[in-house]
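Since the structure comes first, as structure tokens, the remarks are kept for the end.
Letters A, B, C, D and E mark the chains as written, and numbering starts fresh at 1 in each.
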Amino acid sequence: MLDVQDLQKIYTGRHRNVEALRNLTFHIAEGELVCLVGPSGCGKTTLLKCMAGLLAPTRGEVRLDGRPVAGPPPGMAVVFQEYGRSLFAWMNVRDNVALPLRRKKLGKARERELVDHALEVVGLSDAHEAYPWQLSGGMQQRVAIARAVAYEPKVLLMDEPFAAVDAQTRAELEDLIRKLWHELGVTVLFVTHDIDEAVYLGQRTLILSKSPTVVQEDLTIDLPDERDQLHTRSSPRFAELRAHVYEQIQRAKHHSGDTAPDPVIADRTIEPVLQKTES
Amino acid sequence: MLDVQDLQKIYTGRHRNVEALRNLTFHIAEGELVCLVGPSGCGKTTLLKCMAGLLAPTRGEVRLDGRPVAGPPPGMAVVFQEYGRSLFAWMNVRDNVALPLRRKKLGKARERELVDHALEVVGLSDAHEAYPWQLSGGMQQRVAIARAVAYEPKVLLMDEPFAAVDAQTRAELEDLIRKLWHELGVTVLFVTHDIDEAVYLGQRTLILSKSPTVVQEDLTIDLPDERDQLHTRSSPRFAELRAHVYEQIQRAKHHSGDTAPDPVIADRTIEPVLQKTES
Amino acid sequence: MTSPGLTPVLAEPAGTDSGPGGASARRGPVPVAVLRGLAGLAGLVAVLEVLPHTSLVSADYLPPASETVRTLGTLLAEPTFWTALGDTLTGWGLGLAVAVVAGVAAGVVIGSVPVLRAVTASTIEFLRPIPSVALIPVAVLLYGTDLRSKLLLVVYASFWQVIVQVLAGMQDVDPVAEDTARSYLLGTWGRVRHVLWPTALPYVMTGVRLAATVALILTITAELVIGAPGLGHEIAVAQVSGAVPEVYALVLVTGLLGVAVNLAARAVERRALHWHQSVRREVTA
Amino acid sequence: MTALSVLRRGLLVLGLPAVLFAVWWFATAGSADFYFPPLSTILDSFGKVWTGERLLSDVVPSLLRLAAGYLLAVVVGVGLGLVVGMRRAVRDVLEPVLELFRAIPPPVLIPVIMLFAGIGDTMKVLVIVSGCMWPILLNTVEGVRAVDEVLGDTCRSYGITGVARLRHLVLRAASPQIVTGMRQALSIGIILMVISEMFAASNGLGFTIVQFQRSFAIPEMWSGVLLLGILGFLLSLLFRFAENRALAWYHGLRRAQRNP
Amino acid sequence: AGCGSSSSSSGASASSGGGKTTEVKVGIIPIVDVAPLYLGDKKGFFSSRGIKLKMESAQGGAAIIPGVVSGQFQFGFSNTTSLMLAQTKGVPVKSVVNGAASNGKIGADVTGVAVKKDSSIKSAKDLAGQTVAVNTLQNIGDTTVRESVRKAGGDPSKVKFVEIPFDQMPAALDGGQVDAAWMGEPATTIAKGQGARVIASPFAETDPKLTVATYFTSAKVMQENPDLVKKFSEAMAESLTYASEHPDEARQILTSYTKISGDVLDKLILPSWPAEVDMASLEKLAALGEEDGIFGDKKPDLNALFS
């Protein structure tokens, strides 16, 4: 469904040209849940924006259902990393969530229902009258998530959406995303810095190298589909995968499109690896 | 050194009054490194702002070295949760970091040295000419950290400073903070949502209840002072503390100043607890 | 999912929620502001009262405030004054309304279409500095002393004030907010209405405040020069007759109109921009 | 490539004015109306009137007054705006008084200014200031009030106060809006330059235009109006140039995520 | 509110000129000189001829002449130099009846050059090298002041003129911003009240019968509605005569359209209001204008303009 072909993005500035993405090629099938990790500044946000049709790539292209993405395609929701700035200060929480629904013309009642439900699942039922600037960072971020959830998108791009929420809420939101994904068959691309999350959440994890960025590894997460915070996370396979991703991320800090022209690997690492925490 | 006495903060708005902090009392000794965790929206940022003298509490007071804090005291640096908005869009990275140093009148050379060093330790030596809006989220956050580091404060308040950086960088920055703390004897209050971090980093962890907020627990981290990402994190004591904090945070989501008027406990939980991940 | 801490506190109505340094503004912000404003005006009156008694200027040409106010009192008793005031307010109100509506509409259209913006920029810069006074003969030629000739001048002058502010405001939109709107496919109209317009609103408010006084000034000037009925005409007659206190009394009236306009604008702003940094800081904190 | 983009820009800048001039040209082509002479006549007199010594004797003095008045207005407007914008109490006290003055039309204000400043250039400069100041003042006040609170907190916590705060935070953060005010003020300045020269003047662009108008030299008068427009346009180009340098960060930021 | 009836309807009824009452708009400056118009209106000289007057008072010719030319007003009031100037530039105007004239009294004419009480300027001769305020440059004021200087034996080319509205002149004179000021009424009376001395009376010194201002109309009205022009001229002539004969009534009528009152009203000097223009004085005025070059290289055609 989502095809990224040879994507390159160079930011040109007055004194500073940055090749954020060197050469990215990967494919996300319909209904997949893919996590994206990579060093800070490697171009994850840039990639997401290109995929959302918000940024024109320097070279290469993104295709959605076979059609090149030139502008934001319908049925796609994005949760931005800069959650605070992506909320409209002049609207209260409810309106912020309801706004994208307006043009769907679902009728007042259905719209209300969707908004209420979305706010409830992110734990903000009490705050629907508040304005974004009256909320804490984590609450703002959850409003942005609620907006995407209420929108019922076919494709969901999330850029570090749980960075500002506490561990408990984070776990709940992770399960929420998996539930949505199951129920609605959404295609999800999820950027995160949390390795546990990257392993726990998806079916695949894409690991990017540092900038100029290439895909360093395309890892299939072979955990059972039925996941659960307590048991999945304590399974040996989880620990193995986790350790592997951790190692790859450490490697990514030194590896880039310049240093190693190795082919993109789509393997599944099997050997057990060192664990981060011991029980 | 830092005394929080009976602190209450109520935000009054047009339609919405929120009692963010109910009744907080705790003490941070000179040279301590204290972590602060609590559910999203419980008032951590509010507390930090009150301690930094940026917000007047509704009741109670904050004392620094015995003197009530009325405005921002000298020698204190704050890293804000909204890192993006706390950078000056009209200054490049270097100037952003150098600005607070100016009034210290350290001389050009020393200033330069401090800035270069700070940028280097956060991994941004390459980007010193860039403007904040040309940086990724994690890079922006690291600029804010570099600014605080270069300032060489006596008290350092950090509000989820590593939320936007990758795991590897995060680990490095954690060690950086511990190093600074050791070398310069800074007093640090560190807000985080990452439980591992909360345990790994400090000497004490304050756990706040949900709002209206009280101190739910004041936990001493009895790990050896010499810490190291690999070994500390794999020690059994770490796992115990980690599990305890995790449990407390889950409790905090239901516990508040309203539900349970239990006294503030300053205990150290000794019994082994359930582990989140199994190795 | 459990609800996080959000406990509305209803018991405590008047908080002391002000930042250190921004004290006590909370306890009835309106009366305090009004009192301060009156203090400012009183200061001005005092200066104007004392000035003519100094050697700086003779009371023949700048009458003391007390005399101006006394003259104003007699003016207020005359029905002609009220007709003139009515005429001025009509011209001003209509002209301002037309200018604001046209300025906002044109500004929004031009501001939301980059090509239009590029194409019209030079023309706008060319037309703006053409003084309305140079248009007086044209206005008289077309409409005589009719209300319309007043309107022509008023609209021409205040239109630019609005459009320039609208254009600048629309440019100020946060790229992230803009991206958000685009990714949720808000469409041109949706983006204008929900993103660009609220962003521009603070600028527009300033534009309207500027335009309101420019419109007032042009209304009076048109009346003064062309002789269309209104306060300006009264001023002209008083000037020609050498009735200095009358002139100042009338000028005072125009000044007070300006103050009233500003009060109204501030009231609107408190409502329409309650979410904006500038207002929320002062109202809440 | 670059030649093409220059051409494109030229077309964008000059396209619409060219069309408008063409419309004007044809609409007035055979005009017998005394007050609306054909554009050809106006252009004709433009060449005659504004090329010779008038350039030195009228245009230059006007421009000097304009420059002086405008710069003074910027200083006063920004200075006062900073004070008024940063202190709620000051704003409450001063705003009604300022609004009162703002609403007084220049033609009745000029006599008062004349009482204090005489009839020379000082008076004319002050008249320009008295009108130019307001957009700058109002925009500065609003820009200062809108400074991001996180940035404000950042400065306070790092002890960046006083002049440093003004210079590094307040002025810079408010600069997009201040610049908007200055842009407004530029054209108002030109207008007031004309108005001020209607009183007690013996040279100047405004004086000349008014004299033409009074002596029924209508094509010459229109040519003066045309010159004012051209002047405004040229000054705005100059302004744009300066703005692009001063607000490079702002334009960069605003363009940051737009497609090229 | 606003201006009441729209100009188009009144314009139409005026030009149709039927037997009924026609509304006629006259562009005037609210000064002493137009008192006969108001007085005549009050006395019914106009309504008896089916003319309903509506005065449109403007600040000066800049607004009146375009108004008349475009048909917004049917008649206008203007000083004679301005009319000559307009004619030489091809503005289609035609004077229809006398307006006001110098009263011929040197030292007590309608306009005068005033200086401060303690000024060293004693006569028009001393004006050379001084700054003199006039209300409009290149117009009747400076040409006649130059004539006074010339007659008094001074060098008129050495006089510096600046433009200041009449009402600002007393203040400008008092503040020392100008050395002398050529003022009209009521400024002269006000200045005298503050101690100023009148040292010259340029109108009377140019010609004791100088025709200062007339009422005019546009060529279009002249052609399309000669009947209206005729009636207006007759009514105006009658008003002028009446005003000349009843100066006190003329003085009193000022209170209806100006704010002159009290002492000033009583002391005010009135012009003379003959019913006919004085061609000889106009020729002199035209010659002065030519000499000062205000008509460019053209010559006003006085016969076409004033008869």
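Definition applied: a contact is a pair of C-beta atoms (placed from the backbone, for glycine too) under 8 Å apart; a residue touches a chain by one contact, two chains touch by 3 or more.
Fair warning: this is a prediction, and the values are worked out from it, not measured in the lab.
**Student:** Can you tell me the least number of steps between subunit B and subunit E, where a step is a move to a chain it touches?
**Tutor:** Tracing touching chains, the least step count from subunit B to subunit E comes to 2.
**Student:** Since subunit A and subunit B are copies of the same chain sequence, what is the angle of the rotation superposing the Cα atoms of one on the other, rounded to the nearest 5°?
**Tutor:** 180
**Student:** Count the C-beta pairs in contact for B-D and for C-D, then report the pair with the higher count.
**Tutor:** Higher C-beta contact count between the two pairs: C-D.
**Student:** If you average the CA atoms of subunit C and of subunit D, how far apart do the two points sit, in angstrom?
**Tutor:** Roughly 18 Å, centre to centre.
**Student:** Take the average of all CA coordinates in subunit C, do the same for subunit E, and state the distance between these two points in whole angstrom.
**Tutor:** That pair's centroid distance is 39 Å.
**Student:** So what's the Cα centroid distance for subunit D and subunit E, whole Å?
**Tutor:** Result: the chain centres lie 38 Å from each other.
**Student:** For subunit B versus subunit C, what separation do you get between their C-alpha means, in angstrom?
**Tutor:** About 46 Å separates the centre of subunit B from that of subunit C.
**Student:** Which positions in subunit A touch two or more other chains at once?
**Tutor:** 13, 49, 54, 82, 85, 139, 169
**Student:** Could you list the positions in subunit C whose residues touch two or more of the other chains?
**Tutor:** 2, 4, 6, 8, 61, 137-138, 141, 176, 179, 224-225, 239, 276
**Student:** Can you pull out the residues of subunit E that are in contact with at least two other chains?
**Tutor:** Residues 60, 62, 66, 69-70, 165, 167, 171 of subunit E touch two or more partner chains.
**Student:** Could you list, by residue number, the parts of subunit C that touch subunit E in their complex?
**Tutor:** Subunit C residues touching subunit E: 58, 60-61, 83, 86-87, 90-91, 136-138, 140-147, 150, 224-229, 233, 236-243, 246.
**Student:** Can you check the complex and tell me which residues of subunit D touch subunit B?
**Tutor:** Per the stated touch rule, the residues are 148, 150-151, 153-154, 156-160, 164, 168-169, 172-173, 175, 249-250, 252-253, 256.
**Student:** Give the list of subunit D residues in touch with subunit E in this complex.
**Tutor:** That would be residues 34-35, 111, 114-115, 118-119, 198-202, 210-211, 213-218 of subunit D.
**Student:** For subunit E, which residues count as touching subunit D in their complex?
**Tutor:** My answer: residues 60-62, 65-66, 69-70, 82, 85-86, 89-92, 133, 136-139, 160-165, 167-168, 171-172, 175, 177-178, 294.
**Student:** In their complex, what parts of subunit B are in touch with subunit A?
**Tutor:** Going through subunit B, the ones touching subunit A are 11, 13, 15-16, 18, 37-45, 81-82, 84-85, 129-130, 134-139, 142, 160, 163-170, 193-196, 233-236, 238-239, 242, 246, 249-250, 252-253, 275-279.
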